[in-house]
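One chain, chain A, links the two complexes that follow: it is found with chain B in the first and with chain C in the second.
The block that comes next holds the complex of A and B.
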């Protein structure tokens, strides 16, 4: 499987060149275009039907829908073009050992050899701003494709590092983390515009995004007609 | 009348703009609100181009009934066009053939090109986004725009494109709207969970232009942030 990141950095899309038998798992709705020798299978959660359809429906109604499309090339020389929802960049991360925790809307695609666990509850979702925020844990060896709102910048954490929760794209789970407030007092943190932050500790790779999706949502939401 | 425009597209692919340098007497046509700036020797005239019926067709094609005409009637001058949103602009030279444009993709054209709406019948009806296409034909320069970047795909065999990501295609291609090939599971599961809903299957020889972003998923993303009614 070969890949190519095109139209970087604001309208980035990923173009795959697939050989017969190559398989990619993508976020639902990510497919832009493809050769016709590729078949698609939809599952909820992970490949092999983990979770099942009823659990999938339940997740859908609780706003936690997480469906995956598996694209498999049936012939050689097939191309698949995928892209994320937000204006922003995509990156490739080779997953060699261990696992990576990815912000739900930043996970774009991964090799089918990587297991996607959408039930990861390392953070309590309630404390996060933004209703659509959830996390997936990617485990295995293969290629991982992440997307962002704005640019993506990597941080090699060695010691401690603090990130606003809305700016996290993904992090290696060798890192420990603690949710806390940015300033000394909770009131002060909120007045300063910094909500909750994630304090990472240890050694590992962290990907951040330049812009904060929940902030954009909160900017646009009140200007639209109420639901 | 000269139907070859002297133009330049800059800031691709995200903030693309089109600058057209008109010779004395030359004309360029554009969708309303596409004009960003222009020289004082150009005259702008709004009007129903090609008569009421053709204008109605364009309206069904998601475009305004009005097409603005820019004429360099007081000597040479330039005009700058830009799409209303972040995105790309693409040039296509028509030489007697036709190009199909997705709803809203039309931006500007030179003299010698006719742009009409084309009712796709049931094909368009089932495509959700409305595969109501505009048809540009004649000889001259055509410009279209997108949300996100534009990628050109050379179709030599079969190719599948999500209906929402189509920007334009040459009418030498045949197409039909369908669900994704090989998508297993019942109809319910297929339609509601795959998210890729409907695609356009192209066959034959020709070019397709796709965009790398699509506005509808973004709107779905914003939706949960809308306030809820209190009563």
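The block that comes next holds the complex of A and C.
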């Protein structure tokens, strides 16, 4: 399987060149176009993996879909084009060991060898940071494709790193993530408009996005006419 | 029981590794932690890179441990120079480390756990304090706005009530309005005229219209315009009961509850505009809110105020203040279980308390001989058939 990120960076889509037997698992609704020699199978479990219904339900809590789409090439020289819902960039992350914790809507596609599960992030982070209670956990080895709202940028964290809520795309399992205040005082943090932020500790790779969907919602919401 | 030959799956951070990180198989000997690239990691790598990869070793005697990772349970072992990290999340890894180091590493891990728990407790404590503070601030703010609105409404001229009331009146269905010379309209107007001199604002322009509808309802708009439905007239047993309803509704107008509702529903912006006297803005805001549903759904406090003010008016006019509670008690007993019919009663909560408070208030008014209205309700009812 070969991939190619096209139309970067504002409206990125991923184009796969598949050989017979190659398979890729995608988010429901991500497919833009495909060759006629590809079959689509929709299930709630990872290809060849277990879990099924329970994993599907857990995934729904993360903001992802209950189902997963598995695209398999039946012939050689097949093309599959997929894209995210929000306008922005996509990135390829080779998962070689351990797991990757991905923010609900940022998981786009992965090799069929990667298991897509949900992981609990706790009430505190959900209530105070506006992040989801559950995050997507990608476990196994293979290729991972993540999407962002706006630009995506990787950071190699070694020590401590702070990201505003809503700007996290994904982070490696070796990083610890806690909710904390942006400044020294809690009141100052809120008056400064930053409120609570996400603090990462440890060593590992972190992907951030330049924009965040909740801010767009807050900006547009009051301007929309009630139906 | 710990298996001395047990292998754990984990990983290594070191500058010699392409990308800095690799999946590894880890063993703990009595003196060292040894990590070797896992088969999966090797299969994904270029063979020339594989040949260059060393075996990573941290002597147990100089190993520094820490806890972290996405789960918070991942164990990180670092060498003295802190340039090599071997990490693992598997069960039994921490116990094996403790066992092989003669308890030294277990002690380190215990201290790390205690420190992290302390940090979490402190953070949760301050979050709870912050949440409580925000709530308190919100409650104080809410009541300040209410108080400011009440204070400001007193400064707004009555003509403003009338304008808002007229705007709302335009939205009410006029087709089913009974004519001015209809017996029902004359009857209700007569009652309003008798109560008017005893209103808190006698110069208010009280008007009443009757609408042909089976709904048992009546309401007042800001400025003194009132609407009575024929369903309510048909239900009443006496003119005094209707006088009770009208006195209650007139009190909503004189106590300016409609304007209070507007100011509350429009929030702090309106309250400030009231205060600075921006009448133009107020009128525009009022027109947005000129829907009877907003203007006539009052708070429990407003209802109680209107009850007592209505009772005072009835008393002054020589009518029994308890005729008001008498009427809605009758409605509740007869048809209380039919939903939707008794709009007037259902919008007025806590029945028994109100009856009680009216009776209590009456006892403070002093003794008086109450008369009857001397109006013919039966003729009115016949004209509605």
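Assume the second predicted complex is superposed on the first by the 188 of 227 C-alpha atoms of A that agree within 3 Å, B and C clash if a C-alpha of one lies under 4 Å from a C-alpha of the other, contacts with A are read in each partner's own complex, and residues count from 1 in each chain.
By our rule, a residue touches a chain if its C-beta (ideal position, glycine included) is under 8 Å from a C-beta of that chain, and two chains touch if they have at least 3 such contacts.
Predicted model, so just to flag it, every value in this text is computed and none were measured.
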item	value
Touched partner set for A:25, first chain B, second chain C, both or neither	neither
Which of chain B and chain C A:7 touches, first, second, both or neither	first
First (chain B), second (chain C), both or neither touched by A:39	first
Contacts of A:147 with chain B and chain C, given as first, second, both or neither	neither
Touched partner set for A:112, first chain B, second chain C, both or neither	neither
Chain B versus chain C as contact partner of A:171, first or second or both or neither	second
More chain A residues in contact [chain B versus chain C]	B
Partner chain in contact with A:86 - chain B first, chain C second, else both or neither	first
Touching partner for A:224 - first (chain B), second (chain C), both, neither	first
Chain A residues within the chain C interface of the complex	94, 96-99, 101, 119, 124, 128, 141, 156, 171-180, 186, 201-205
Of chain A, residues touching chain B in the complex	6-7, 10-13, 28-29, 31-42, 44, 53, 56, 63, 67, 69, 74, 81, 83, 85-87, 105, 130-132, 213, 217-218, 220-222, 224-227
Of all residues in chain C, those that touch chain A in their complex	11, 13, 19-24, 38, 40-41, 44, 68-72, 74, 76, 85, 87, 89, 123-124, 126-127, 130
Residue ranges of chain B in contact with chain A within the complex	13-14, 86-88, 148-149, 151, 153, 157-162, 165, 180-185, 189-190, 193-196, 201, 208, 210-214, 217-218, 221-229
